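Chain nomenclature is as follows: A, B, C and D, assigned in order of appearance, with residue numbering initiated at 1 for each chain independently.
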Amino acid sequence: DPALIFDLGGKFDKSFNEAAFNGAKRWADTTGGTFREIELQSEAQREQALRRFAEAGANPIVMAGFAFADALGQVAADYPDTKFTIIDMVVDAPNVRSVVFNEHEGSYLVGMMAAMASESDTVGFIGGMDIPLIRKFACGYAQGVKAVNADATVVANMTGTTPAAWNDPVKGSELTKAQISQGADVVYAAAGGTGVGVLQTAADEGILSIGVDSNQNYLHSGKVLTSMMKRVDNAVFEAFSDGADMETGFQVMGLANGGVGYALDEHNADLVSDSMRNAVDEASDKIANGELVVHDYMSDDSCPVLNF
Amino acid sequence: MDVMPKWAEVTLVPLISLLLAAILSALVILAIGEDPVAAVQLMVSGALGSTYGWGYTLYYATNFMFTGLAVAIAFHAGLFNIGGEGQAMLGGLGVALVLLFIPWPHWTIALLAAIVGSALFGALWAAIPAYLQAKRGSHIVITTIMFNFIAAAVLNYMLVNILRPAGSMDPATERFREAVHLPSLHELLAPFGIEFSKAAPANVSLVIAIIACVLVWLLIWRTPLGLEIRSYGKSQRAARYAGIGAVRITMIAMLISGGLAGMMAINNVMGEAERLVLNAVEGAGFIGIAVALMGRSHPLGVFLAAILFGFLYQGGAELALWTSIPRELIVVIQALVILFTGALDNMVRMPLERMFLALRTARAPKPERKPTEPAE
Amino acid sequence: MDFFALFDLSVLDTTVRLATPLLLACLAGLFSERGGIFDIGLEGKMLAAAFFSAALAAMTGSVWVGLLAGIGASLVLSLVHGLASITFRGNQLISGVAINFLAAGLTVLIAQSWFQQGGRTPSLIGGGRFEGITLPFAEAFSTVPFLGPIYSELISGHSILVYVALLCVPGTWYILFRTRFGLRLRAVGENPAAVDTAGVSVVGLRFAAVGICGILCGIAGAYLATGLQAGFVKDMTAGRGFIALAALIFAKWRPWHALWATLLFGYLQAIALRPDIIEGALGFKVQVQLLDALPYILTVVILAGFVGKAIPPRAGGEPYVKER
Amino acid sequence: MTAPAIELKGISKAFGPVQANKDISIRVMPGTIHGIIGENGAGKSTLMSILYGFYKADAGEIFISGQKTEIPDSQAAIAAGIGMVFQHFKLVENFSVLENIILGAEDGGLLRPSLAKARKTLLELEQEYDLKVDPDAIIEEIGVGMQQRVEILKALYRQANILILDEPTGVLTPAEADQLFRILGRLKEEGKTIILITHKLREIMDITDTVSVMRRGEMTATVKTSETSPEHLAELMVGRKVLLRVDKTPASPGDVVLDVKNLRVVDDQGVERLRGIDLQVRAGEILGIAGVAGNGQSELLEVLGGYADGTGTITLNGQSIDLSGKNSDGRSRRARGIAHVPEDRQREGLIMDFAAWENTAFGYHRDAAYQSGVLSNNAAIKAETQAKMDRFDVRPPHPHLAAKNFSGGNQQKIVLAREIERNPDLLLVGQPTRGVDIGAIEFIHQQIVALRDQGKAILLVSVELEEILSLADRVAVMFDGRIMGERLPQQTDEKELGLLMAGVSGDAA
């Protein structure tokens, strides 16, 4: 059986981990197969979880989260016959598939939408843990905003510096209120479980929010502008489908191959005007075919349009 | 006169407490719609059914021996050290600094250095609350709680801002060098022809923990300092009459306690993770409280209780893996053990004492009672 | 540099919200400890209350049912604490530790069993949570310079539990220093034998103290899950019980001081969310970790007696033992 | 015949294995003062606490004014008109006098009216019984004499008809005691019934109408005071004829061993407890320190024994001794040849949970003889303990038994054995026979005298004047942190010492 390990924040974070879970569930529903899963309780358990599944013969083992890289680096070599997939990080081993996403591209699109929807010309970004990966989201987002409205202000905050920042809705909520007081009328949450608090508060206070990873539009129908879809579910689904003889190596999921995108459904149909859609789709195409390059924060640890 | 014989005191009371905790835990499992018998079977097979299971059980037990001894020695001095968690975190920092910045040629020397580093940092972290207790009367329970939080902040700062390697997103140090890798039980036992799981993290630190148990036993029961610590814990007034300084004993006991808690890091940081991660302690500092209470603060008791909790920990991890019982079940069990062996001690003890008293009076012949005349 | 940004209305607004659970828990601890029962289980009681209030609010759709359930859960843990430390004269600190773990474990266990959402409750909607209430004339006043925004933004618009918490401060003061119950409560924390020989039940008084503590912790927890947030997540108290304990020491076991202490600690939490403001105001970066640790550091400084000595109730922490 | 104010029938009470009261019956007539005497631990306080509802009796009945009354708690006792002043006061230290008085007897739920009413009533009571107190004073800031008045007022405020006083004069000067007795006299005139627990036969003879004697949890006799004598009461108390004087030869004092000059001690609260003590103890002599408890004797022992810091100069055999700093603790004192039998053996002299053998090493546990390498030589300590137990006739002679399992007298023997067998130059002894039966008292006295006869210096502190007079070779009386005067036992009497103890200096003319 394949196995899936969720990162801290838990499988029902309505975001990153839940996307992974949805991919696994989709696989189980379509194939009728079963899979093992575990939610981490603490940093220190990563290696044990990996080893336990490997010992028990699970194959492939998919782990959602960059923080597994070190543990996987240790474990992979001990189980050469087991295939591993790590999401959001690169681990160089013969039996590991590393899947990374071009989050900056998706974020760019939702940034454009935020700028177009904003009336105050101030939009917010709330990140989870302050790491380069999340800055990558923020930077892509800010570029999208500026592309539409060069004078717009982007207010960016991070929730914390430790993994606890993925699961602190109270802080998310307070940060949202603070951004509203600074004039923001659209906020983008790239913060795992913390985002639940962001979206909630945005809905309560009557501003728009943007979800992340999963399609979060349904959480507050009519109040979530869109969601930056990071198709972790697809990555998990593929890995599970490929099974024990999956191809290993490095895999980038971007706009071009449908790895990222924005969500449009009945919950936000009224919020997204046709002109908005057209503009965003146009940019999307340009990015996909390389006409437009969105700066990736992680390429040089800096962002041309946003200071952290 | 002692109402209860000593054997009852050291075995009956903790065992009944444990039984009560077990019954309640079983009820909890039933209440969430699972089968307690199957759960126990799974825990036993997962924790004790293979060398892999044993490897994890002993790995956790090693942690708990250190923190249990730490709490126990403070208990002997009449001090309640809730700060084991923070002291163990700082111990981890000590190990990391020692191992990252000095190129040790061999694990043996590195281990000695790591022991010194971890004990030093742990002791240091205990020293401030101890000093404040001894000199300024600040309640050590509150200060050690506060120091746990401060330790978390310190560790957070160090890992996020200082020790995180460039380009890494993990708030963790880089990996220690290969040379300081501690031999696991697998490597230690292989020369003797004993097959032990390669995957399990139990390592040579277990031996150190056992040595620590013995040394603490010697210290407490076989040295003048031990007598002083114990007498200070029993009666501060009498200790003072004997010229046993309150400041000195408080400091010494807490330094040893903090040092032991810190030394846990040689197991989890140096032995297992081989780098320092956030929350490496995983609550072991608090489990030390349960272990010390259960083990009646005696090193042998601590040793046994640590293994019990190691079993619970590993068994609980297995439960979480193969059933829908969350790992928090262990936290509940741990809470119940602390509750019954610690706070509700009298609930178990009082009926037992009454029973033994009744037994004794039943055996002893009634003394002749001479009638007394009421006054005129 | 903009020093006054440190007192930005939105920061103060956040302060009020974040200080509320601290204040309630701090007053809870105040009753318990004034009655001679130390309580390091505030955290656990709050956590249990947070979960049960959210769970019941989610199931019934009524936040009031949730509030009652939260108070009930917290009271049950209080009862355990009372049983251990009053009836069986056990160690109050150990009992508190056990209660914290019990709550941490049971909330997740039950949440998982009831909702299968990894230890959280479903998000609360509509009547399932406390909405902010707009005080009278908030709109009208908002244009008045200076005071207007303070009234309409800072004072108005919080959930009812915030106002309950604030009213608890004078209430606690009055009960403690102006009523018979308060006199007896303070006495039983100072010298239970005096209360006993005066013909008042020590056990009864102490259970009352622990019970009030349970109710207040219950409100605190319910506020977290149904006022501040719209649902429960695992370990959502995040050390607030210990900060409340720190505030209690900071306040030297006095109600009005408790208000100031919790506002201070709430402010520290609020400002920690806004490193931009701090940097703007002070001109240099302050590590968030330092801000996070500040309440604890301040408490240790207070405990060390460098800034006024904190003397706890004299009989606090000691079981009342008449006969061995 | 009027019904007795109080009648107890068959009261029994055990604390775990200790039978504190055994089948006790007693009758107290209204409008009388009834004394209760008995050795320490005889069960007097326990009996009265049962009457007051503080403890619950295991068996027995209580009749108040002829009515059978259940007294499950103090509330019921108060309702039955009983008030009690405990041996250790039950006051809330940081409350005002008024708050202490109304506590538990408030009128209504709010404090202000209660306080106002109490203030008025207090004024009336003050005038009626001449009991002056400041209603707004904080308890911890007033003296013990005043605190005792508050306790009495508490009882009167609750309209007590029956007043129990448990060792009320232990903390009072003779003058204060006299005033208390005047108050008691007035209460008696008012028709109130008073039960007075005391150790002092003089007080019994002076003011009681009847007296009951307790021994080892039993009531041995109740007699009319007018029909008895101190000797008779003493005999009833201990169960056999009492030898009042210790058998000893006259002292032959040698060189000065301990020389104390201008010794001062300030306590934690900043109060000066010793105000310039000068004294000398010579080899081969016992200096007895007499005084009412709380006049600095304890502090004197503490500072000499290294428990507390002080200022002034002390020399031992001509060598000066540190009064503060590193070398002023109990261990340094012992190293210098000062042994110390503290006043409270259970809290200071012994660790009750430790085995006897650990207790015999305690304080000397770092002696070279007790070590083997870095470890303790427990076998040597045990062997030595066994020998000491045999020599001092400790029963049962089991080194492994915990100290708490020995009776009071035997516990004291363990402490004495530990300290005397060290062969010290100076022995400090506090209350050596408190709570010890007469047989053991004789033994202990003999040991102390034997040490003196070996040429050692002994400083004896005791609140028992009889003990001081019979054991000491020279008597110094302390009052309020000072030595009021020195007397030779054979040239003085209890009356003269009593005046000195009350602060009336005989020397000053």
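As a working rule, contacts are C-beta pairs under 8 Å (C-beta built on N, C-alpha and C of every residue); 3 or more make two chains touch, one makes a residue touch a chain.
Chain-to-protein mapping (UniProt): B, C = ABC transporter permease; D = ABC transporter ATP-binding protein.
Note that this is a predicted model, so its numbers are computed, not measured.
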Weigh C-D against A-C on C-beta contact pairs and write down the one with more.
-> C-D
Centre distance in Å when chain C (ABC transporter permease) and chain D are each reduced to the mean of their C-alpha atoms = 47
Whole-Å gap between the CA centroids of chain A and chain C (ABC transporter permease) | 35
Per the C-alpha means, the centres of chain A and chain D lie apart by a whole-Å value of 77
Chain B (ABC transporter permease) and chain C (ABC transporter permease): spacing of chain centres that average the CA atoms, whole Å | 30
Do you know which chain A residues sit against two or more other chains?
-> 161
Multi-chain contacts in chain D, i.e. residues touching at least two other chains, fall at 16
Set of chain B (ABC transporter permease) residues in contact with two or more other chains = 156, 160
Give the pairs of chains that touch; include all such pairs.
-> A-B, A-C, B-C, B-D, C-D
Please give the residue numbers of chain B (ABC transporter permease) that touch chain D in the complex, ascending.
-> 1-3, 218, 222-224, 226-228, 230-231, 234-235, 237-238, 240-245, 353, 357, 360, 369, 372, 374-376
What part of chain B (ABC transporter permease) is in contact with chain A in the complex they form?
-> 52, 56, 156, 160, 167, 169-172, 175, 198-199, 201, 268, 272-275, 277-280, 282, 317-318, 320-321, 327
Chain C (ABC transporter permease) residues touching chain A - in the complex, by the definition given at the top = 8-11, 13-14, 17-18, 117-120, 123, 131, 224, 228-231, 233-234, 236, 238, 270, 273-274, 276, 288-289
Going by the contact rule at the top, pick out the chain D residues touching chain C (ABC transporter permease) in the complex.
-> 15-16, 52-55, 73-79, 84, 86, 90-95, 99-100, 102-106, 108-112, 114, 154
Report the residues of chain A in contact with chain C (ABC transporter permease) in the complex, numbered from low to high.
-> 10-13, 39, 157, 160-161, 164, 167-171, 173-175, 177-178, 180-182, 193, 196-197, 200, 204, 219
